[in-house]
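Naming follows writing order (A, B, C and D), and every chain is counted from residue 1.
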Amino acid sequence: MMALFLASLGVMLLGGLGALLASERPKLANILGAGGAFIGAVLGLPAAVFAALGGPPASIQLDWALPGACFDLALDPLSGFFLIPTLFVSALAAVYGTGYLESYRHSKRLGWMWLCFDLLMLSMALVMSARNGVLFLAAWEGMALSSFFLVCSDHEAENVRQAGWVYLVASHLGTACILALFTLLAGASGSFDFSAWPSVLHIRALPPALFFLLALLGFGTKAGFWPLHVWLPEAHPEAPSHVSAVMSGVMIKAGVYGLVRMLALWGAPPAWWGWLLLCVGLASGILGVLFALAQHDLKKLLAYHSVENIGIIAIGLGLGLVGLSHGSMLLAVLGFGGGLLHVLNHALFKSLLFLGAGAVLHATGTRDLDELGGLMKRMPWTGAAFMVGAAAISGLPPFNGFVSEFLLYCGGFADAAAGPGLPTLAAGMAAIGGLGLIGGLAAACFAKASGIVFLGEPRSPHATHGHEAPWSMTLPMVVLALSCIAIGLFPGPVVRSMAAVVSCASGLPLGEVLIPMEHAGVSLNMLAAAAWALVAGVVLLAGLRSWLLSGRLVDAGPTWDCGYAHPTPRMQYSASSFAQPFTELFSGVLFTRLRLDGPKGYFPAGGRLATSTGEVLRDTFFDPVFSWTGRQLGRMRFIQVGRVQVYVLYLVLTLLALLIWLTGGKP
Amino acid sequence: MIESHALADAVMALLLITNLLLLGFGYLNACVRAVALQGLVVGLLPLIMGGGSPLWRVAALTAVGMGIKGVVFPRMLSKLLRDVEVRREVEPFVGHGLSIALGVGAMGFSLWVSSKLGPLVAARNAWMISAGLATLLVGLFLIVSRRKAVSQVLGYIVLENGVYTFGLATVGHVPLLVELGVLMDAFVAVFIMSIAAYHISREFNHMDVDLLDKLRD
Amino acid sequence: MTAKAFIRVARWGGITLAALAAAAACVVLRRGPVLFADGWFALDALSAFHLGVLALVFGSASWFAEPYFEGTLTPSQARRFAALWFGAFCAMVLVLCCGNLGLMWVGIEATTLLTAFLICTHVTPLSLEATWKYLVVCSVGVAFAFMGTLLVAASAHGLQLDASSTLLWTQLRERAVFLHPGTMKLAFLFLLVGYGTKAGLAPLHGWLPDAHSQAPAPVSALFSGFMLNASFYCLLRILPIAEAATGNVGWARGLLVFFGLASIVVAACFIVFQHDSKRLLAYHSVEHLGIIALAAGLGGLGTFAALWHTLNHALCKALAFFCAGRLGQAYGSHDLRRMAGALRAGRLWAAAFFASLLALIGVAPFAIFMSELQILRAAAERRAFIAMAVFLLGVSVVFVGALKHALVMAWGEPVQRPEPEKESVGTHVLVWGMLGMLLVLGLWLPTPLSDAMRAAAGIVEGRP
Amino acid sequence: MTWAASLLLSPLMLSIIARTKAFFAGRRGPPMLQPYRDLAKLLGKGAVYSRTTTWIFRAGPLVGLAAVLCAAALVPMGRIPAALSFPGDLVVFAYLLALARFAAVLAALDTGSAFEGMGASRETFFSALAEPALLFALAALCRLAGDWSLTGVLGNISGEDWLTHGPAILMAAGALFIVLLAENSRIPVDDPDTHLELTMIHEVMVLDHGGPDLAFILYGAALKLWTFAALLASLFTPPEGTALWVQAAGFLGCMAAASIAVGVVESVMARLRLSRVPMLLAGACALSMLALAGTLR
């Protein structure tokens, strides 16, 4: 099994290098690059699925010349589970990329972009299977670097460069925390291997809280938890769509994987870890969806939604940790189960939505919601897939998003019903309230996004001549949509197969995990029954209606416009008007700026209204902090005065200072 | 040799006097002459110290030292001053009066320091260590407080003399090769500095080093 | 002989000399230390390793000198350059292979004097100013180093060593425990300030940015690549003696750590504002020397990481200066904003410059990230948590500042169209070879190299 | 059996409400079977679809009604268990109604008219705020009943529970009543019989539907009203000892009382300003949280 996995890594590498060498001939570069990625994924998937289902962990150790390093890969259920979406989504994105990168045909950058894409896939696979600190860090930074070059692929635009800079700086600062964490652990335990680290946690020198905070900061930056998410809405929209699909759908999961791996290594956590993760999850969820609601750029909206879904995953993990620390097995298992399943679900529907947004961008050339509309008639397949994705991300029943949120709700309600314990109840209630609000807002946000982009009349010439994307772009989207529906209609088998992963992530023995799983299994089967009943109901009603209308007049006419003489498409509800009630109620958080130049004079020429919501956290916190440190650093510039005498004076003063320090030591 | 102890103290006094003269003088060629005098004085030191090594070695050393510091440096510097019709006054940042006071302060400080250097101080050369330190400090002060390139070169020469005397006092018998190496280095350093100073004066037609501050942040 | 002939002599002479030095280093590393003239001149693992690094830097700088000086020098300037170029090499070799501390001081003084006029090969007001500053500050610094050497000899007073072997390094190291601790501490302070000035450690680094930004590219490559490390090599020589003399309590190491951290912080402050490519690289040198000092100060695994970082930094900095030099010539100014959009025009040097800048600020697959990782591990093992925190902070600030400039240079809006460049195949091989070495060193450390470094670290640690 | 009853009797509630309003206005009010006649008339009509709409517009009513049908199957009649009940079905109930709402909103946006967009935006806004209140109220009842399925929760609220946690249950009921008013677009939140498109919320979303589609939507709305009223009425049903028919009669009586209560509220109160409605929903959320706190003792 491990040989298969290594073969897949090799194929990815060769594919990328081949594409680079063939960058003169775009067609060949496409085939080599996408082929390498696809075949690599196809080779790797069986190994990942086999490991995720709890097969015997395959591992391989090769010695590596670097000090403290060893090429140590292993596929246990946790790694296998995270590898499944990584390989599946990357393969589909590669197929999508061949169609999407048409506009780069004549530029020399095509080969380079495929090399970076395949390296990104390779480093993600390595991150999720590495068992040695140095290998993990090398792959982690490789992932950051290759995605940086992909984000900056069309670097003519200034905002793309700015996004690239913000992205690499944020990921590097995150890596600095992970670097500190790994070296502290290696320093205390004497080796970089993960297996040596659990024993180290309880040495007196360093409080375990420091390790957890470093892990949370480091991996949280990559995952995009709320206070550390500032780079995400900057970087993801600027990348080519198939890359932002892989980044949003799968790459931020590497952060979640890192955090879960560390928690699994460290065993039973103190209570406050769970609570901190829960609060971070709630903050990310609610604020993520609020900011998503206020955006006008389709891909920026989806990026903010990644923050929200990462919040839901964090809520799941938080619940799991609280359950673990308070010994309530049901809450722990359902928390971890829901969180991890949402990792898979989010990877599927978020990449579907980003690919859809890419198709829209490819067809109309713009991402601004207020210039789109009526694309369902022009892009039926993309529209249908986007609708499925939108319903899934809002967590509506027949789709996969609902299944993972259902597990989290079950955790909360089951604990409320059963447990006398106050802390677990408080955590459960916070999760339920948070998820309820997030679910409602997400539904509103995606009603807006999908409604305004695909339904109604085209609001601008861009939208009028939108055309359906080529098959290479629509096929991956349809496959992703079908997989969302499949998980929604067959939740039972999917959740039961996750028992091995949950036991590996939470550290509980498999036996203890199976009992709550069975408990949830019953509900899930009934849920599947309800989902099938729903589908059957729709089909029946459709038959009833067509039977009723068979004999009668079915006519087409203009939309009822309450007698207004000449409605134009611009009069339709736009993105900012749809979100206006939300941005007004939550103006304390969003600080939406309204620019209104109303009609003036007796014969007004015309007015304009525009609302824009910046990234509040960045404007109020990160920018001021960065410029303040810049000013403080500036104060040091007086040292370099430029005159020789002053430099010699520095020499003498340093010597005197050292002498005084020396004599100060002994009188 | 005559009672070396008294002679050594006399030489030390002469050394300190030249330091003060240097701080006080207003004209560059006067300074050059003072440095020449100091070079001669320092050149004599190995003769006085004697030490264990054979006479021929000490004699050779004094001859070379005096030759370079007493004769070669001054002639080179004065030729440099003649070639460059630069204003001859020394316009120091710090007034002459204050610099002399500082010179005296330096001597006091070096006396205090040498008393603290317990193990190094053999009874005989306590005086020499403090004189060496004082010359060192005066040399540094000259470099830091003078505006002209030539006065900085002079400061460097005084610094070298200070270090040399300090070395003789504390160690006594440094291997010959090292001794010669040091002398040769000092000579080459001054030689190159004067060439650089010549280039600067030709390029900028002024010798004020403190105006050379365009390279800054 | 025309200018071109002199430069060609400098090039091929330099390369042969570098090859000789490399051969000598390999011989010593394989067959153990070599002593002649009873200890006055010795080549052991530490000096052999540094000799290898010198060979690498000097060879590549000499190869690069010819395309760089193509038709910009008058015959007299070319002659002077060639002479001083070989002089500097000999002085550095002298420093590396002499066992006597006094002679080592003479070697360092010689490097200062010989390289002074290399800075103003192109005589301009700014280069003269840089030369003068370099001369004065370094001479004063090295004078202090001489004071330190004398004090070391003084501290050996009690051992009744005969005249010729008072300053022999081998003798001093064996009898280090008997040296007088008080004097030895004073000596170490003077030596630290003296050689620290030449190595460009923090408060003493005034001359470094001016000298490096005005010197022609091969010269500043040699400066940053090896000359700073040469004076740091002297500190590494004295460290075991000082440690043994002061009773191995880590007194000397603590000082090195302090100066290392100071350099990183000061360099970080200046890198954020630097728009001149060469001054940016100069401040990077201050930062990386600070990192090497920090690593050496930490000891244990740290010394090994310090030597590895020396090699990585020398390679990367030399390449970076070549690129900065050529880009400066192509764009007519060293201002990064003027060179905006260089990568977009698909230039070899711009790509190499962007890659070397990324490597310098510690991006992963390159070797510098790996050696910084080892340094952090050494700090963790020694429980120097504050040092770790300051180090990470400094390196992050440098990352943020330098990346902003690098991005502007690579993909900014082109301000000026440079004339097309035509590079010989050899230069391509040189550039991609050095980048390849940086990448390979990051991922795979060949065993002979790591054994050499382990042996050299052993010497600094005081093990025979 | 409960499912069949809800399918049959839900339009009856609309007529009870209409009758109560007529009584307050001094009118006789429409006959009790008027809603059934309307549905029959609509089912008999043809359909006119706007040219700008796509298959989403046609699928809207279908998905809406199907979702509400499934949700109704989950709701018990007092102590009489529901057709389909399993642990966690209260979450499925809430999200099925969310699916119905999502379908209606998309259908409204598909017509491309400004009024329907406005209705859709307000609908999503109010329901997003109402959802936490519903979930917290159900959680409070869960805590009391010790079971986490709708049948279990609503069936196990015993008399003894009323004695010990009376105020908590009342608060939960109050919160549920406000959520009922908000979700079914009753007076304080939205006016079902208004003719001014600018003020409508739910009605304006269905402006463009006609014929069988409109029938499905109206029937779905009635069924939805029944499910919410059932949640409320199940709290006040007679104790478990009594016979089945007494239980059924008691439940139907409570349902009638609930309808009358809605009618009374609609006759007595005027609509709240749109910016006031979030305060009302926040109040409902606070009520349900207090209920939850009440159950902790």
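The rule we apply is simple: a contact is a pair of C-beta atoms (placed from the backbone, for glycine too) under 8 Å apart; a residue touches a chain by one contact, two chains touch by 3 or more.
Please read these numbers as outputs of a predicted model, since none were measured by experiment.
Within the contact network of the assembly, the step distance from subunit A to subunit B comes to 1. When each chain is reduced to the average of its Cα atoms, B sits farthest from subunit D. Interface comparison, A-C versus A-D: the higher number of contacting C-beta pairs is recorded for A-D.
The distance from the centre of subunit A to the centre of subunit C, each centre being the mean of the chain's C-alpha atoms, comes to 44 Å. Each chain gets one centre point, the mean of its Cα atoms, and the points for subunit C and subunit D are 78 Å apart. Per-chain CA centroids place subunit A at a distance of 36 Å from subunit D. Rounded to whole angstrom units, the spacing between the C-alpha centres of subunit B and subunit C is 32. Shown for subunit C are the residues in touch with two or more other chains, namely 132-133, 136, 140, 182, 186, 209-210, 270, 273.
Among all residues of subunit D, none touch two or more other chains.
Taken residue by residue, subunit A touches two or more other chains at 637, 640, 642, 644, 648, whereas all remaining positions touch fewer. Of all possible chain pairings, those that touch are A-B, A-C, A-D, B-C. Residues 132-133, 136-137, 140-141, 144, 182, 185-186, 189-190, 192-193, 197, 203-204, 206-207, 209-210, 255, 266, 268-270, 272-273, 301, 304, 344, 346, 358, 363-365, 369-370, 373-374, 376-377, 379-383, 388-389, 392, 395-397, 399-400, 403-404, 407, 410-413, 443-447, 450 of subunit C touch subunit A in their complex. Considering their complex, residues 373-374, 376-377, 383, 387, 391, 394-398, 402, 405-406, 409-410, 412-414, 416-418, 422, 425, 428-429, 432-433, 436-437, 439-441, 443-444, 447-448, 450-452, 454-457, 519, 522-523, 526-527, 529-530, 533-534, 537-538, 540-542, 544-545, 548-549, 552-562, 567, 569, 571-573, 577-582, 584-585 of subunit A touch subunit D.
Residue ranges on subunit B touching subunit C, taken from their complex, read 52-53, 117-120, 136, 140, 143, 149, 152, 156, 159-160, 163, 166-167, 170-171, 173-175, 177-178, 181-182, 184-185, 188-189, 192-193, 195-197, 199-200, 203-204, 209, 212-215, 217. Against subunit A, in their complex, subunit D makes its touches with residues 43, 45-54, 56, 59, 61-63, 65-67, 69-70, 73-74, 84, 86-92, 94-96, 98-99, 101-102, 105-106, 109-118, 120-122, 124-125, 127-132, 134-136, 138-139, 142-143, 145-148, 197, 207-208, 211-213, 216, 274-275, 278, 292, 296. By the touch rule above, subunit C contacts subunit B in their complex via residues 100, 102-103, 105-106, 109-110, 112-113, 116-117, 120, 123, 125-126, 128-133, 135-136, 139-140, 143, 146-147, 150-151, 153-154, 157, 163-164, 166-167, 180, 182-183, 186, 209-210, 213-214, 270, 273-274, 279.
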